[in-house]
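Labels run A, B, C and D following the written order; every chain starts at residue 1.
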Amino acid sequence: MCSANTPFRGKEALGLKKIINDPATVVQDALRGLAAAHPDLLRLRADPPVVVRADAPVRGQVAVVSGGGSGHEPLHTGFVGPGMLDAAVPGPVFTSPTPDAVQAAIGEVDGGAGVLLLVKNYTGDVLNFETAAELAEADGIEVRTVLVDDDVAVRDSTHTAGRRGVGATVLVEKIAGAAAARGADVRRCAELAQRVVAQARSMGMALTAPTVPHVGEPSFELGAQEVEIGIGIHGEPGRSREPLGSAEEVVRRLLDPVLQDLPFETGDEVLLYTNSMGGTPQMELYLAHGIAERVLAEHGLTVRRRLVGPFTTSLEMQGMSLTLLKLDQELVDLWDSPVHTAALRW
Amino acid sequence: MCSANTPFRGKEALGLKKIINDPATVVQDALRGLAAAHPDLLRLRADPPVVVRADAPVRGQVAVVSGGGSGHEPLHTGFVGPGMLDAAVPGPVFTSPTPDAVQAAIGEVDGGAGVLLLVKNYTGDVLNFETAAELAEADGIEVRTVLVDDDVAVRDSTHTAGRRGVGATVLVEKIAGAAAARGADVRRCAELAQRVVAQARSMGMALTAPTVPHVGEPSFELGAQEVEIGIGIHGEPGRSREPLGSAEEVVRRLLDPVLQDLPFETGDEVLLYTNSMGGTPQMELYLAHGIAERVLAEHGLTVRRRLVGPFTTSLEMQGMSLTLLKLDQELVDLWDSPVHTAALRW
Amino acid sequence: MSCTADDVVAALRAGADVVAAHRGELVEMDREIGDADHGENMDRGFRAVMAKLDTSSPDTPAAALKLAATVLISSVGGASGPLYGTALLRAASAAGDAAELDGPAVAALLQSGLDGVVARGHAELGDKTMVDVLVPAAEAAGNAAEGGQDSAGVLRSAAQAAQEAAENTRPLVARKGRASYLGERSAGHVDPGARSTALLLGAFAESAGVRS
Amino acid sequence: MSCTADDVVAALRAGADVVAAHRGELVEMDREIGDADHGENMDRGFRAVMAKLDTSSPDTPAAALKLAATVLISSVGGASGPLYGTALLRAASAAGDAAELDGPAVAALLQSGLDGVVARGHAELGDKTMVDVLVPAAEAAGNAAEGGQDSAGVLRSAAQAAQEAAENTRPLVARKGRASYLGERSAGHVDPGARSTALLLGAFAESAGVRS
């Protein structure tokens, strides 16, 4: 058998400097720790693994489900709980979960009011969630899917895979989850999610590359003062390599294309989300956030809400992304609604 | 003048791969970003910089103040707000703030009911806070100081500098802040803080070293599979260098001395705090947390409360620490009391 | 010679072996222009297919193909899982309940598989994906079948065309899949999915050749 | 020769220069057994002292020492700030309102400074701290004063003893300060605070020598 010829390469063989036992079980092992840490919030459904809100299914309420490859924590598993996700479907590291995992999640959380799937726009995620949605609909469950594609680093076109879903995902999950908690129907939840997608734009950069456990070496190589601009969150190389420059330059290089893309205009009220890719310390993140606030003020934008922290990460990658969401009062109210998850709580 | 002979070495000269403008202003720049991000919670008093609760001073309530070198964020600045700290005094990176900064903080937050200083046990912090306390008392303010010294990696003795304050600091700040919010007097707040110190023990390890901005090179060097066991949070080298091993081994190497030290005993109820040193991703942290829960169960301990995340960090250092606090009902109630800060909220 | 259920199972085993042997190479190729998991994904999927075949013995070519399809879909994840899964599902449908597949039948299977991938992933020729291999492979298979080749011969022609076609993806700029995010920087690398398709067709052809 | 307020100011300037020149060395020494900030701390402090001296002209030795003490306390942070600050504060007290300091007065200042550091930091001889330099320096100063040396001569003797004493901290295992966390691993490195004390005393002595 083939498995005998290719014993799984363990941590030592790979020379991995990570706090893990075995690259083959790293996702499950981490999920067990998550479940142990938050018994009040969530439970772990094993094989295929799905993280489910502790009190799911919530009868009569739209269930919001997201998922994707692991390694972006707290996205999505850290956002399971009242006011946000009913279930998160974690795939292998940086690899979409399979349709049966998504289908299992839908089965766990469907409370009879329909299920909203929030899917980051990557071919793998789109195809696997699509199949799951078909299977669930065949079971008589009403399923709506909203694709998140906010990354301005990727040129959009009908002839390409389209933009990636990055930072906006957290915002979409929060706002759709709040709408569901307030009793909105599945069509309305999907509309709101779609509105957030339409009004959000992101751009990221990396100072270092992540190392995927089963690969054992960094996903790309950078020079001592080189950064990847337009980085994704899967260790895929970015759009261009440039010298690092000052924090001021970094922030402007990220914000300029974001501001132009929607476009954001003088007088707009926005949510500014300053995200660490994982390995960037809080000191640098707040420093960049402060600059971003100043640059937005220069453009006549009013920052009404903020989110600062490592919420959309790429393992231990150092770097950051900036996401801007154009706000209106309804979105502000939904953003402010109570949320109780491992990673976001108010 | 001497300053002409030694122009400050800038970011480029140092070859620093960090999102900063200038090593000389990194702390202030980050504080500006913090203040911009959380106008509802806190304000920044400049020169010497102090982060103050937005509504300080709270009349008739004990003010809880902590501080220390920067680079450990969210400690302490991220814990300023109702239910936790009234002020945080951030020194330069890894360097204690000066007495006048601490004195300024005391002046900003004193509400007439006395001030509790929570100080990590490092010679620099102890001496600088001590001087500040003397100055404040000379101004007629009642000041109590509690030293946090929970690090079992350091052998305790009257002939040494004593144990370092590490992970327990967050727990002490939360519990003392909760007591103050409930109206306890300064003596009682200090007693509770002291009890947490007496009942908490920590141990940390590092996979990589942090790079202090003004230094420009890593604080220590490690081999490809080498880790520092008993690491502090200032880039000071640890107690010993050992091969990494599995996550299971890492967790046991940290927990064994912690369990023996107090000692923790079968039947004890504990708070388990699994801390990332900054650069360790959440996947690894939860994985380690899950193992720690299992090991504690083996020892007959009941984990009643948990905290998992990067709360006591050392810039971008990869690694983790485990802190165990023996609980009683009063401590559980204080832990559960509402808190509203940038980094902890419930 | 025609192709029986056992021949399909043997081909799948050969596919599993070639994927396992090239796991690292496919990861490395995907690391260069993707997210470093294609070898891992394919290996995980084909191991799962092998595990399933330990406990079930499909009795028609279609049953064997469908088994592989469903296992791949439920174990691979990523873009390649649903795409290879759909290809095999469509091939299974095309095979119907025939006990043996002759040359034209195998060529028809390949064409159905290709159609499934295009229906699912909307990639066109030149987008730098597995489609760039499947199109010439299906065409070569069709020609070989028309030329009277048996199933092994058809697969051999497909495999030969595939080998070259995979290499031809190197200069292309990706327009679909993860490599497309790299824009111009994706040129100069062979597409990992194109490579795995060529490897699989090669393994299938060799397996058929040995058994025929 | 005796030591006037201007001489103290000149000595502080010399101290600032030597600290600036050795900033990197002191950081590196502290990186090895501490937290890599001692050179940074001392440089920040002495720059602040220099800035203060740009706008104020102390008119007694005590006033100059007190100015330096308060500026160091409010600008250095870390362990060394309060310790050097206390040492200078105590020295200022010992200087009283004298306009000039002779040899015995300088020796007494050094002893007071040492006493202040010990009172504050509780370090004993052999703990691998600046105390290991201050003790032999103060002793040498006392002997020189007894032997009839003037202030420059007393400082020269103190500086010589300090130089050697700093080097002698190398084999010691630290029992105070951050290096103590390293246990046995602290041996084999000169204590950074010991080194900065020796550098400062050397600079003070040289400044006094040039001006006398």
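Operating definition for what follows: a residue touches a chain if its C-beta (ideal position, glycine included) is under 8 Å from a C-beta of that chain, and two chains touch if they have at least 3 such contacts.
Note that this is a predicted model, so its numbers are computed, not measured.
Q: Along the shortest chain of touching chains, how many steps lie between chain A and chain D?
A: Graph distance in the chain contact network comes out at 2.
Q: What whole-Å value do you get for the distance between chain A and chain C if each is reduced to the mean of its CA atoms?
A: Their C-alpha centroids are separated by 31 Å.
Q: How many angstrom lie between the CA centroids of chain A and chain B, rounded to a whole number?
A: It comes to 29 Å between the two C-alpha centres.
Q: Report the inter-chain centroid distance for chain B and chain C in whole angstrom, where each centroid is the mean of the CA atoms.
A: 55
Q: What is the distance, in whole Å, between the centres of chain C and chain D, each centre taken as the mean of its C-alpha atoms?
A: 76
Q: Identify all positions of chain D at which a residue touches two or more other chains, and write them in rising order.
A: Within chain D, no residue contacts more than one other chain.
Q: By the touch rule stated above, which residues of chain B touch at least two different other chains?
A: Within chain B, residues 93 contact more than one other chain.
Q: What kind of graph do the touching chains make: line, ring, star, complete, other?
A: If you draw each chain as a dot and join those that touch, you get an open line.
Q: Run through the chains and report each pair that touches.
A: Here the touching pairs of chains are A-B, A-C, B-D.
Q: Chain A touches which residues of chain B in the complex?
A: Touching chain A: residues 11-12, 15, 17-22, 26-27, 29-38, 70-71, 73-74, 78, 93, 207-208, 224-225, 244, 246-248, 250, 274, 278-291, 293-294, 306, 308, 310, 313, 315-316, 318, 320, 342, 345-346 of chain B.
Q: Can you check the complex and tell me which residues of chain A touch chain C?
A: Result: residues 1-3, 5-6, 48, 69, 91-100, 122-124, 127-128, 130-131, 153-155, 159-161, 164, 212, 214-215, 217, 219-220, 230, 232, 234-237, 239 of chain A touch chain C.
Q: Please output the residues of chain C touching chain A within their complex, sorted ascending.
A: 13, 16-17, 19-21, 23, 27, 31, 33-37, 40-41, 43-44, 46-47, 50, 73-83, 120-121, 124, 175-178, 180-183, 185
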